[in-house]
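The structures considered in this document are given below.
Paired with chain B in one complex and with chain C in the other, chain A is shared by the two complexes that follow.
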Partner chain A sequence: MIYSDLILNERNWDNLLTAFRTGRLHHALLFHGPSGTGKSAHAIELAATLNCKDSTSSNPCGLCPSCKKVRSFQHGNVRLVLPFPRKTNLDKNSPSIKALTDADLTSLQEQMKTMGMKPYFKIALNNANTILINSIRDLKNELYLSPPDAGGRIVLILDAEYLCIPNATSANALLKILEEPPEKTYFILVTSRSDLMLETILSRCQKIYFPALPEDAIESFLVDEGESPLDAHLIARLSEGNMHLARNFQGMVPQLYENVKTILNAVFTKQPDLWIKFHKEVSRLKQSGRIEMDYFFRTGIFAFRDLLFLAETGNTENVVFVDNLQKYQSVLEKFPQSNWAECIQLMEDALSFIRANGYLPLVINAMLMDMGKVLKGDEVKRFSLQY
Partner chain B sequence: MSYQVLSRKFRPQRFEDVIGQIHVSRTLKNAIKLDRVAHGYIFSGPRGVGKTTTARILSKAINCNELQDYNPCGGCASCKSITEGRNIDVLEIDGASNRGIDDIRDLRENAKYPPTSGKYRVYIIDEVHMLTKEAFNALLKTLEEPPPFVVFILATTDPHKVPLTILSRTQKFDFKRISMADIIGQLELILKSENFDYDEDCLKLIALKADGGLRDALSMLDQIIAFTESRIDMETVMSVLGMVQQSIFLELLDYLFINEKGNVLRLLETTLSSGIAISDFMNGFNEFIRNCMVFAAGGDNTIRIDESTQHWLDERNERIGVVDLMRILDMSLKFETGLKYLQHPRIGLETLLLKIASMDPSVEISNLLQQLSQSSLTELSPVKPVKKFLETKLNVDVTPKTETVSEPSVSLKEVSNPVANTSDLSVEIIQSNWNQFLEQLESVSVKLSHLLEDSQVLSFEKNIVKIQIPARTNGFKIKSLEKDSRTVERVLKTHFKQAIKVKYLADGSGENGGQLEKKTKIKGVEEHPLSLYLIEKFEGELIR
Partner chain C sequence: MFFSIDKTKLQSSLIQLNKVIPTRSTLPIISCVLFDIRKDGIELRATDLEITLSIFVNSEIKETGMIAIPIKTLLDITQELDEGDLSFEITDIGKIIINTHYGKYTIMGKQADEFPAIPTIDQANELLLKSDDLTEMIDNTVYAVSKDEMKPALQGVLLQVKENQLITVATDGHRLVRYIKDQAKGQAFEGQVVMPSKFLSLIRNQLSNIKDLALKISENHVQISFDDTTIYSRIIKQRFPDYESVIPQDNDKKLVVNKNELLSSVKRVSIFSNKSTRQISLSITKDSLTISTEDPENITTGKETIACVYEGEPLLIGYNAQYLKEVLAHQKDDDINVKLKTPVSATIFTHKTKKENIVTLLMPIRIND
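And then the complex of A and B:
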């Protein structure tokens, strides 16, 4: 195998190998499912399998020249397509690589190197917000030439939902060649947001779903990386089978507990300075990047989930923030009327409002006030952006 | 030759083989028969229904010398070269990658030259909706009056993105979604010719999931064949397509109704961790609840739900009504629409299920009606639809002519409105009907009903009703009410069937009372922790 530490999705992998062995591998595959499940790593493994020179085992050997080239992204048969920063003055016929600055190029090279080593790495260029139509045109010019190597040619489209963002130009440009590619050419589209993609693209692909990783697997993965078992347990639960998240949460456990404290204190005690602390924290996180803020809300939502589960089932096995159990008990006694499910939804709504650039102090205050009502068992009218 | 997927391998080569689109293929064949082939066609329809395929067949048919029943022969040099995509007279252009005006200019240049071998030069522009505006306009003249040997076939999934000027210059053919029966037939045909064993029910499942697109169905079939190696049965189909077994949903429904929340969560956990996407789960759940609902309502739905579910529903016939299922479906459908915007979909789903589990069982409407008919009439508030009816009636009332026309409505109204029968009104009746009256008033004037919101009916004498307005800002309120008192009187008349005059009274304490209240309010503000905090923080003072 190319990656030694990849958590293999046995079922999908066996299915793909069976299809490959019987010569029935579809020319257009769509790997979809939540992010951080190793979809692109599986795609790279498949690319290696198609080109591996060692025929003794069905898995790629990881040692032959071909596998080594795949690992370092130097194989002529493996073509990578990525979202690039948009550039308005890009000529129709110029290659897509011209959209990158020198700094982007070096960072891309670095990131590709890391990706060859680490299975759960995600390549992200600065301001990369679309897959350029030039990338697709490049692809077409290239694919109709004969492949540089025997074996199968693989086109790997990462973050494929960007084919359709901001408009579906690139997706449409891909349609014809995706339906009828030249011989021995295989497309693998990797996406965590298949709902954003065109129906015409989806209908041309075989869809292979990668479910969230089992929490136990993440737990042992983290323990192998040197995390303490208790922390690993918490992170595995909190990341919901998403390895990207788990990686980011590593070493953050005290901070996570601190987040929960900030949120719960603001909700349960009506002191103005705690509200202000909450609000300041969110605005600080929002400025330092959207992802940080998402993590903050995620911890809050999980804390309420703990409360919901405790209140509804009385069962402690599902509790994520184990150290908080005592606090939870006292809270549950204090607010027996509370509707915890509603709290979760209020928090989720607030997050979506902030993401839609709602006025932050207003959103936070409205959320906290509504929660105050919900805690007393009153109904609140929910406004949400979605429906 | 590497493996060709089923949808390419079984791409139809004759008009008859394009299933589900008889209206198109018959028209085209007749056009060939009568030698009335138009110079421009546009094929539109959803994905995977045969647009590109028909375009290719048509281009072969008009160039073939040995037509067989107006189908291309498939054997002559022209047909063969078109099938292999190397005929220089039939150009298949990808409209999405060659979308600029320069591409169209090239095309126009080329269109001047007569075909090298066959009768026609055919331009198939696939995904034509992606052409730029300039490119479309550059095409207009050529498309309207091309040289006699040129035929344009445009194919698109989004005809609304194609300008009207293009559409009006071409013959438009709308391709339909393919019916389930047709898809099943085609799948059967292919499985037989490929020599695979299969269960009949599987095909139904695939056809259902394909949603009218044959290519979708064939992709799925391909996947199932490739991943199984053996006989195609229900279980493999479900696991490949990511569907949930009905028995699991039944178990879940059972837990939901007996309110075993721990088990609900456990079942959800095991189902999701077996590799089911949340969207697929929701989709299946809604489908299941819908089918149960149809069954419980007495619809013939024995095909879609299995025997154990039917049995389960029959057993609980008394306790679980259509209304319960409807409420579940209402919640879960709402959830499904918002699902893709959720940041934490799994927690959302857990919350939804717990909410459903803690729902109170509904009461059958018939029981409710029975209870109501036993209770006294005056407590009965008008039933919703009747109220609607009254509202519309009210609008009609403004013009006196139509009043006689709606005679049957009067009897209905008399039954519904308890006030109507009693000719002598009293304060009590007005008071008890006050809220209904306000609702009716709201349909005429929102402002007035709002002004009267906190009011109280004091007395009713000699057809004059006295209304008390609460102290707060009553001077302004009374003024605005008096301005429109005719409207209020008119609505009073239609509601209570009697001419009534109104008189507004300020609250007993009058202006003084208002000021008093204000004072106590200010005191409240002074002592409020937030304002104390503010004063302390900003070192300020309270001015007023």
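And then the complex of A and C:
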């Protein structure tokens, strides 16, 4: 195999191999499902299988020159298509690579190298917000030529929902060749947001669903990577089957506990300095990036989930932040009337409002005040985003 | 690995190879030249995955092996060095040490097994060609190749060998050129292949000092070899349209006109044509040909009349000036033979000698009332 540490989805992999061996592999596959489940890595494994020179095994050997080239994305038969930054002055006949600055190109080459080594690495370029129509034009020019090597040609379209974002030009340009690709050419579209894709694209593909990874699989993966069992357990719980998240949380456990402390202190005490600290932290995270802010709120949501479990079942087994057990017990005693599910909902709402560019101080204050009411058992009027 | 190579030979080879290497790519390996160091010399190879260029250079070899070296650095340093031999030492970790009398330079190479494999031309059919003939074939057809990615088959030139004739055809849907050469006797290849125009343009520049060459055609690649150079190209795997059926046989109106006069008139008049439509019209009567254009948007007009010999009813026909200029520029006769039918049917330009037969088809554009 190309990746020794990939958590293989046995069912999907066996089906793909059987289809390949019997000559029934569909020419357009859609690997969909939640983020961080190894969809791209499975696609790369399939690309290697189609081109592997070692015929003794059904899986790719990972050692032959062809497998090595697939791993480093240097194989002529493997073509990668991914979102690029939109460049307004890119003319019709320019190759898509012109949309990248030198820094972007270096970053892409580095990330491709990393992706060849780490199965759950996700390539992300700055301001990459669409799959350019120029990329589709490049692809067509390439595919209508004879194959560079023997074996099967694979077109791997990562974050395929960006074919349809901000408009469906690229998706429409792809339709004809997706429906009738040249001989021995296979498209693999990888997406975690198939709901954003055109029906005309979806209907041309065989859909293969990759469910969230089991928590224990993520836990043992993290332990193998050198994480302590306790931290690995916490991260596995927090990541909810998403290996991208799990990898991002690696080494962050003390910070995660600190986040929980900041959130709970702001909610359970009415000290202005703790509210200000909370404000400052969210404001800082919003500026540093959406993902960091998501992580912060995610830890808060999980802390309230812990409280909900404890309040409803009294069982400590499902608690994520186990070091907070003592604090949770005292909070539960102090606020016996609290509606913890409502607290989770209020945090999720606040996150949605901030993502939608809501006025940060107002959103945070409203959330904290509403939580104060909910802790006493009062009902609050909730607002929802309407577009 | 150790080898030494003449700086001038290396530099001229690198300049050739650099023409193939794309300026930017997501694949770092293809910005390198592969050095295949053999007992008798070094094969230098570069590729953009569509075209592979290989040049063999005789040099003094102490140890064989393979290494990929970034071309830019190598080209830059060779340009700054004096004539003489350069000695290369390659360590086990791929570090390349270049020794010159000025000093010592080091650069990191890449593993040769990452470099794209050389195309395999198995069960190839060989086509023996004279360099001049190939030059003619390329010059007379490549200009008509389509640039539209929606028509992949038209992005190349069709090469067909049938009934002892060598036929090359290019079209972009607006014009079509069919070039026939009567000299395909005894060729091993009989069939057809669509070659990318990029490949033909590349070999065109290298044909000046060569007499005979062999074009090998396999299922997926074409290969051409001359001197120490071999060029491989992938072929366009699309069905070329049935060009014979679009060449009209019943154009009954005949026009003979001086090529240079018409071309210069068209060039002058077209300056005043509409920038997007490029429309000009030709009003043809028995002994005169009036070229005119009108652009109501910019209130410009142009009109010239030249002499001609015309057989048929007077005709008013419109063309895209750009296409007409290109077609005229590629006509070989001083007095060109044109066959017409109606203002909406294709115009045919013909040139026929014992050895070659060129038919150029140009579609007219409908003239606005």
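We adopt the following convention: the second predicted complex is superposed on the first by the 385 of 387 C-alpha atoms of A that agree within 3 Å, B and C clash if a C-alpha of one lies under 4 Å from a C-alpha of the other, contacts with A are read in each partner's own complex, and residues count from 1 in each chain.
Operating definition for what follows: a contact is a pair of C-beta atoms (placed from the backbone, for glycine too) under 8 Å apart; a residue touches a chain by one contact, two chains touch by 3 or more.
These numbers were taken from a predicted model, which means no experiment stands behind them.
Novice: Putting chain B and chain C onto chain A via the overlay, clash or fit?
Specialist: In the arrangement built by aligning on chain A, the partners chain C and chain B fit side by side.
Novice: Once the two complexes are overlaid, how big is the angle at chain A between chain B and chain C (Cα centres, nearest 10°)?
Specialist: 100
Novice: After superposition on the shared chain, which partner residues are touched by A:P147: those of chain B (first), chain C (second), both, or neither?
Specialist: Only chain C; A:P147 stays clear of chain B.
Novice: Taking the superposition on A as described, I'd like to know which of chain B and chain C A:P214 touches: first, second, both or neither.
Specialist: Only chain B; A:P214 stays clear of chain C.
Novice: Based on the superposed arrangement, let me know which partner A:L360 touches: chain B (first), chain C (second), both, or neither?
Specialist: Neither partner.
Novice: Pick one for A:L108: touches chain B only (first), chain C only (second), both, or neither.
Specialist: So A:L108 only meets chain C here.
Novice: Looking at the overlay, does A:I344 come into contact with chain B only (first), chain C only (second), both, or neither?
Specialist: The first partner, chain B, only.
Novice: Using the touch definition from the top, say if A:V380 reaches chain B (first), chain C (second), both or neither.
Specialist: The answer is neither, since A:V380 touches no partner chain.
Novice: By the touch definition at the top of the document, which applies to A:E199: first (chain B), second (chain C), both, or neither?
Specialist: After superposition on chain A, A:E199 lies in contact with chain B alone.
Novice: Scan A:L90 for contacts with chain B and chain C and give back first, second, both or neither.
Specialist: After superposition on chain A, A:L90 lies in contact with neither partner.
Novice: Is the number of chain A residues in contact higher for chain B or for chain C?
Specialist: Counting contacted residues of chain A, the larger count belongs to B.
Novice: Thinking of the overlay built on chain A, is A:I133 touched by chain B (first), by chain C (second), by both, or by neither?
Specialist: Once the two structures are laid over each other on A, A:I133 reaches chain B alone.
Novice: Between chain B and chain C, what minimal C-alpha to C-alpha distance in angstrom results from the superposition?
Specialist: Least C-alpha distance: 5 Å.
Novice: Can you give me the overlap between the chain B contact set and the chain C contact set on chain A?
Specialist: Comparing the two interfaces on chain A, one with chain B and one with chain C, the shared residues are 137, 140, 183.
Novice: Mind listing the chain C positions that touch chain A in their complex?
Specialist: Chain C residues touching chain A: 24-29, 49-50, 113-114, 116-117, 119-120, 147, 149, 152-153, 155, 196, 219-221, 234-238.
Novice: Please output the residues of chain A touching chain C within their complex, sorted ascending.
Specialist: Per the stated touch rule, the residues are 65, 68-69, 72-74, 76, 80, 93, 95, 97-98, 100, 105, 108-109, 112, 137, 140-142, 144-150, 182-183.
Novice: Note which residues of chain B are touching chain A in the complex, please.
Specialist: 1-3, 5, 8, 46-48, 94, 96-97, 100, 126-127, 129-130, 157, 213, 215-216, 219-220, 222-223, 225-229, 239-240, 242, 261-262, 265, 272-277, 279-280, 334, 337-338, 340-344, 346-348, 350-351, 354-355, 357-358, 529-530, 533
Novice: Taking the touch rule as given, give the residues of chain A at its contact with chain B in the complex, in rising order.
Specialist: It comes out as residues 11, 15, 18-19, 22-27, 33, 92, 133, 136-137, 140, 169, 172-177, 179-180, 183-184, 195, 199-200, 202-209, 211-212, 214, 240, 272, 294, 297-298, 301-302, 305, 308-309, 312-313, 315, 318, 341, 344-345, 348, 351-352, 384-387.
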